[in-house]
Each structure stands twice: as C-alpha cells, then as structure tokens.
Amino acid sequence: MTDEMHDKVDDQVDDQIAEFKRAIEAVILVAHDPVPPDLLAQLIEQPIVLVEQWCEELRDEYAAQRRGFELRRVAGGFRYQTHHDQTPYVERFVLHDQKARLSGAALETLAIIAYKQPISRAQVASIRGVDPDGVIRTLQARGYIDEVARDHGPGQAVLFGTTALFLEKLGIDTVDDLPPIAEFIPSADIVEALEHGLRVSPVDEAPSFGSFSPEGDREPGH
Amino acid sequence: MTDEMHDKVDDQVDDQIAEFKRAIEAVILVAHDPVPPDLLAQLIEQPIVLVEQWCEELRDEYAAQRRGFELRRVAGGFRYQTHHDQTPYVERFVLHDQKARLSGAALETLAIIAYKQPISRAQVASIRGVDPDGVIRTLQARGYIDEVARDHGPGQAVLFGTTALFLEKLGIDTVDDLPPIAEFIPSADIVEALEHGLRVSPVDEAPSFGSFSPEGDREPGH
Amino acid sequence: MTIDVSTPVYEGPFDLLLHLILKEQVDIYEVDLSRIVDAYLGEMDRIQALDLDVATEFLLIAATLVELKTRRLLPGTADDDLDEEFAMWEERDLLLARLIECKTFKDVAQVFSRLADDADLSFPRTVGPDERFSSLMPDLLEGTSLRRFQSAAIRALTPRPEPTVDLFHVNPIRFTVAEAVAELCDELPRIGHISFRRLTADLAERLEVIVQFLAVLELFKQGLVEIDQTERFGDIDILWTGGADVDPSSVLVDAYEG
C-alpha cells in the first residue's frame, strides 16, 4: 500500500468516526435522561469503549470551544447540561424551577442510606438516634431513595437504597464515585475528645482500659 | 490611541461577546420551546439585533463543525434540534427507548389534572411552580387531556380534564377509580418542619404523620 | 401543630451530645462530664414537648450520662462490683461508637451538600425529541401502573418548602456577626451568587437573620461582595467578588455583639 492510499484509508476512517460522533450528539440531544454508553453503542453498532472515548472527545471539544453547555457523565449515562458558570442566566430563565436544597436532616439520612444500602428504616433510626420516618418519606417523595428490597428476617422490613435521581442530584456517575467512608471517620483528636467527654473513670485516674479504638471492628460503614 | 490599545479593547469586546453567546447557548439548551430573540435579549441585556446576529453565528459554527445538532429558528424562536441527516439514528433511539414513557414532569402534570380537574393552566402552574405550557401541549397532543370547559370568571380561562383514552390507558373506568392520595399528602407546615429537623414542638397535637408505625397500607416497593 | 422557633435545632440526642462535647474540645483535659451532663439535661429541659419516640432516645442517653457521672464521682465503687463496672464500660463504648458514627455521617452530609450545590449549578436538557419524531413515540402511558401514577400525584401535590440555603453544619447556636462573616467567607466563594432570601430562608430566628444581614453588609464594606436590589423591598442579590481564598480572620468586624 502506498502512503497516499494509507492516508486515504485514514481519512475515510476519520470521516466515519466523525459521523458516529454526530449520531451520538443527536441522540443525546433528544434524550430525557442520561444515555448509557451501551445504549449508544447498540444504536450506532460500535464497541462501547469507542463510544465512551468519542463521548469524552466531544466533551473535550465543547470545553475547548468554551461552549455554554457541556457533555457530562451523570447517573450512568451522558447528558447535555448547562455550564456551571452560566447559572445566573439560566436561573433567570427558569425562574420558577428553583432547585430545592436538602436540609441537614435529609442530607445526613441520605448519607447513611447511600453508604449502607440496602438499609432498613430501623437501622437508619439507630444511627441517627431519631425516628427517620418523616425524612425518609420526604426523600422518597422527592425520588432520591426508593424501596429496593425486603429484609429476609422476620417482619420483612423494607430496605431502602438510592436512585438514579440521587446520582443526578449529586452530579455523580455511580455511588462508587462517592469518597470512601473511611475518609470520614473522625480524626484521633475528635475521638479522644469524645472519649474524654464520656470518661468512666474518676478524673485523676488514667483511662487505661475499656477505651474505644476507632480502628477496631466498630468502624461505621464499609 | 495606539494600535496595541486598540487591540486590547477589541479583545475585551470579543471576550464579552463570547460570554453572551455562551449564555445564549445555555438558555436555549434547557428551553422546552423555541426561545424568542427578544426574550434572549432581555435575559442578557443586549439589543435584539445583536442577539439575532450571535444566534446566526452560533448556527454557522455548529454547521461548520458538522455537529449532529443544529440551531434552528422555529416558530419565532431559536431551538436546538437534531441535524436532518441524523434522523435514522434518532428514530432508532426513539423507537428503542424503553424508558420512553411520560417524563416525571409530564406525569406529575397529568396527575394534577387528573386529580384536580377541571383545572386551568394557571392553577396547574401555581401547583407545579413551573410554566406547564409545553407539557400541557404534549399531553393534549397525546390525547390524554382535553379542554373540558371554560372558567366562569373574567378571562374565561380554558379548563382541562382527562379523556377516555387516559382512563383506558390506566385501565380504569372512571376517575373515581384513581387511588386515593389525600392521606399521603402532608400539610405544608409539616413538610416545612420535616425539612428543617426537630425544631418542632408539637404542643398538644400528636403528629400522626411521622410516627414510627409498621408498614401497614403504605406503599410497597415499586 | 405549632413551631417553637426559640428552640435551637438539634437533629437528635447524638447531635446534641456531639455538640456539647466538641464545643469543649479546646483543651480536652478540661472536658468536664459534669458540665456536659448538666448542659445536656438543660437542653432537654428546653426541648420540652418532643414527641415520645424522640424523648425516649434523649432520656436513654441522659440516663447513661448520669450514670457515667455518678461513677466518676464515686471512685470507690469500682472495686465492689466488676460486672457492673464492665457493663458501664460497655454502655459507654456503645454510646461512643454511636457518637462516632453520627459524626462520620454528619461529615459525609457536608460533602453531599457541596456536591449537590455544585450539581445545582448546571441544568440538564430534558427537552426530548421534537415534533418530527412524535409519530414514532410509543404510547407514553402504556405500562404506567396506577401506583406510579399515584406516587406522581403525591409528589406533585405535596407542598414544596421554600428553597433554602442550609447552614446546618454550622453550630446551631450562632449569634455573632464575626461568626456569620466567617461562615459566609466559607460558603459564598463556592456558591458565588445567591439572594438574601435564599441565604436566610433556613434561619428560624429574626435575630439570626439580622446578624446575617449585618455580616453581608460587613463583607460589602470590605469589598468582598456586591449587593444589588432591583426593586424597593425586593430581594437582595449577593455576588461574591472576593476571589477564592479569603481568610475570614482578616475581615475585621466591629463589635456588634451584645
């Protein structure tokens, strides 16, 4: 094969790739929800790895051209969304669609459910120390959590897990993108402060044994 | 003014124009209906003629870059739509889309109309907090709702209700067969209280909502 | 149902206990259980009319605390009954473990809040196919169960709370302008742009709103924010102009307190 022929073949391949990328753009534009790469792959009959690569190329192109929108991978798929620095304009436009912010109670409950799913209402209650029923209902009504299973034990308690909408709310692709829970275990000085606060022994006596070790088997989360 | 200063001023102007174009891109991206140039002009506080010129520039950029979408002027406004030569892929996607059911927003609007009929557009808007125009048009085009009466008040607003097709699709005989919802809807102050945690002191009234009762007739899993 | 706005927000007994202990963290050897127990009981007193479930939890923990306190005051009893002593430790450890777990998820919640804030800055396109494709779309109600429809109705008709900026991770009792300034120096660079109404929507007490307002004015004086009010008595737009890293301690605050 001559060089020229090589080039020609290359050009054809490039053209074809450009066409696939155009198809990807068109499909994502009309989708209501983030489009999973495997669905895109199926539609244009190309391997998923390539589809993912092309999506990333498109994302980079929009970024390089400083478009007012971006292609983001969220909740397991690709979607178009407005660039975050255009928020003031978009907010003015969608004036009434103010996004609801979550309360502290809701966020803490969501945090527990996200890391411990599937989890029952009673388990959430024991961690929070308060009846989570109302918060759980609110989160469920908002679509951030849902009943995902039933406990096998007696009573068959409903078990909750997070939804795709939760991933969208946090702007992440999967729950695996959440930082590992180990990062949040309180630092030694806080644990020490807590321990001191709850010291059993009289003040003059060193708390020699019966002390709690944060690295022990009691670690919250996994 | 030196040439260099001229250039600097020009650069600044260019940057500003680029920012306005980004804002236009962001707003049109999320709009459900074509966005009229005068609305865009109002949002970014620039003259309509310039806005129209920038939209045309954007349209030309997308065309030059052979994007899978285009910016089109339709029904007096600008909107993104898929490029006509990508139609086969889009069609395949639309046919393929197993999640092609009413979007959350559309379903909620339909639900409001079903439970509160006859109801005006303005009443739906006040419940949803967003302009329901586009969604109502879709629902009407699909034949799920229709204009059933006119308000007696001034302005004689159109009142919407559900159709026989709607009943048929949901598999019920009359709207009276719709499942009850009143018992599941907390009052505004309770929602407010739940959202904000335990600053509530139920003084004399036991809160029926939020009590830790076993599952009972509450919704089972989806 | 009446809402007693004078009660500070505690999400539960752990929350309260965490707050009380960590408040004293300055010098951990100064941490005084007696004071914690007293403060805890005092707060319980203030949170009077709680519903029964919550009150029980508060009481259980209060009982553990009181027992711990008694132990400490009566060192001699340790030798008398080892079993009892061990049981005490076990209970203490359990409480400690729950506190640590509670603290862990409180910190996670802050990260969630930050993620959600960032995500809220972008709006997804959910427009769907245009009318050229409508003939291809399957019947959109097909397969919609009555249950899905019912929950959509509940979702749609549940009253929406006012959107708020939640400052939950800040100490529940927060009254000084200096503290409010420090908080805003932390929050505003991230949020960028917010209306005063949204900023204060979560504050229960008028005094807190006033403190917040003074804090915003202080930042304005320092040139860290721009303020815009488009109409009289309208909402006030606050725009952070201070850059990414402002050391709140460098913002001098006149003493408004008192």
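In order of appearance the chains are A, B and C, and numbering begins at 1 in each one.
Note that a residue touches a chain if its C-beta (ideal position, glycine included) is under 8 Å from a C-beta of that chain, and two chains touch if they have at least 3 such contacts.
A quick note: this is a predicted structure, and the numbers were derived from the prediction, not measured.
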item: Centrality ranking, top chain (CA atoms only); value: A
item: From chain C, the most remote chain by mean C-alpha position; value: B
item: Between chain B and chain C, centroid-to-centroid distance (C-alpha), Å; value: 31
item: Mean-CA-position distance for chain B and chain A (Å); value: 24
item: Inter-chain centre distance, chain A versus chain C - centres from mean C-alpha coordinates, in Å; value: 21
item: Contacts with two or more other chains, residues of chain A listed in rising order; value: 29-33, 69, 80-83, 85, 90, 94, 98, 103-105, 130-131, 143
item: Residues of chain C touching at least two other chains; value: 9, 11-12, 51, 53-54, 123-130, 133, 151, 154-155, 158, 160-161, 164, 168, 202
item: Contacting residues of chain C [partner chain B, same complex]; value: 1-5, 7-12, 47-51, 53-54, 123-130, 132-134, 136-144, 146-162, 164, 168, 202, 204
item: Residues of chain C touching chain A in the complex; value: 9, 11-15, 18, 20-22, 24-25, 28-29, 31, 33, 36, 51, 53-54, 57, 61, 65, 68, 71-73, 75, 78, 85-86, 88-89, 92-93, 95-113, 115-130, 133, 151, 154-155, 158, 160-161, 163-166, 168-169, 192-193, 202
item: Chain B to chain A touching residues, read off their complex; value: 18, 21-27, 29-31, 43-44, 65-69, 80-83, 85-86, 89-90, 92-94, 96-97, 99, 103-104, 125, 129-131, 186, 190-191, 194-198, 209-212, 214-215, 219-222
item: Complex contact set, residues of chain A against chain C; value: 29-34, 69-70, 72, 74, 79-85, 87-88, 90, 94, 98-105, 107-108, 110-112, 114-115, 126-131, 141-143, 168-172, 179, 181, 184-186, 189-203, 205, 210, 212, 214, 218, 220-221
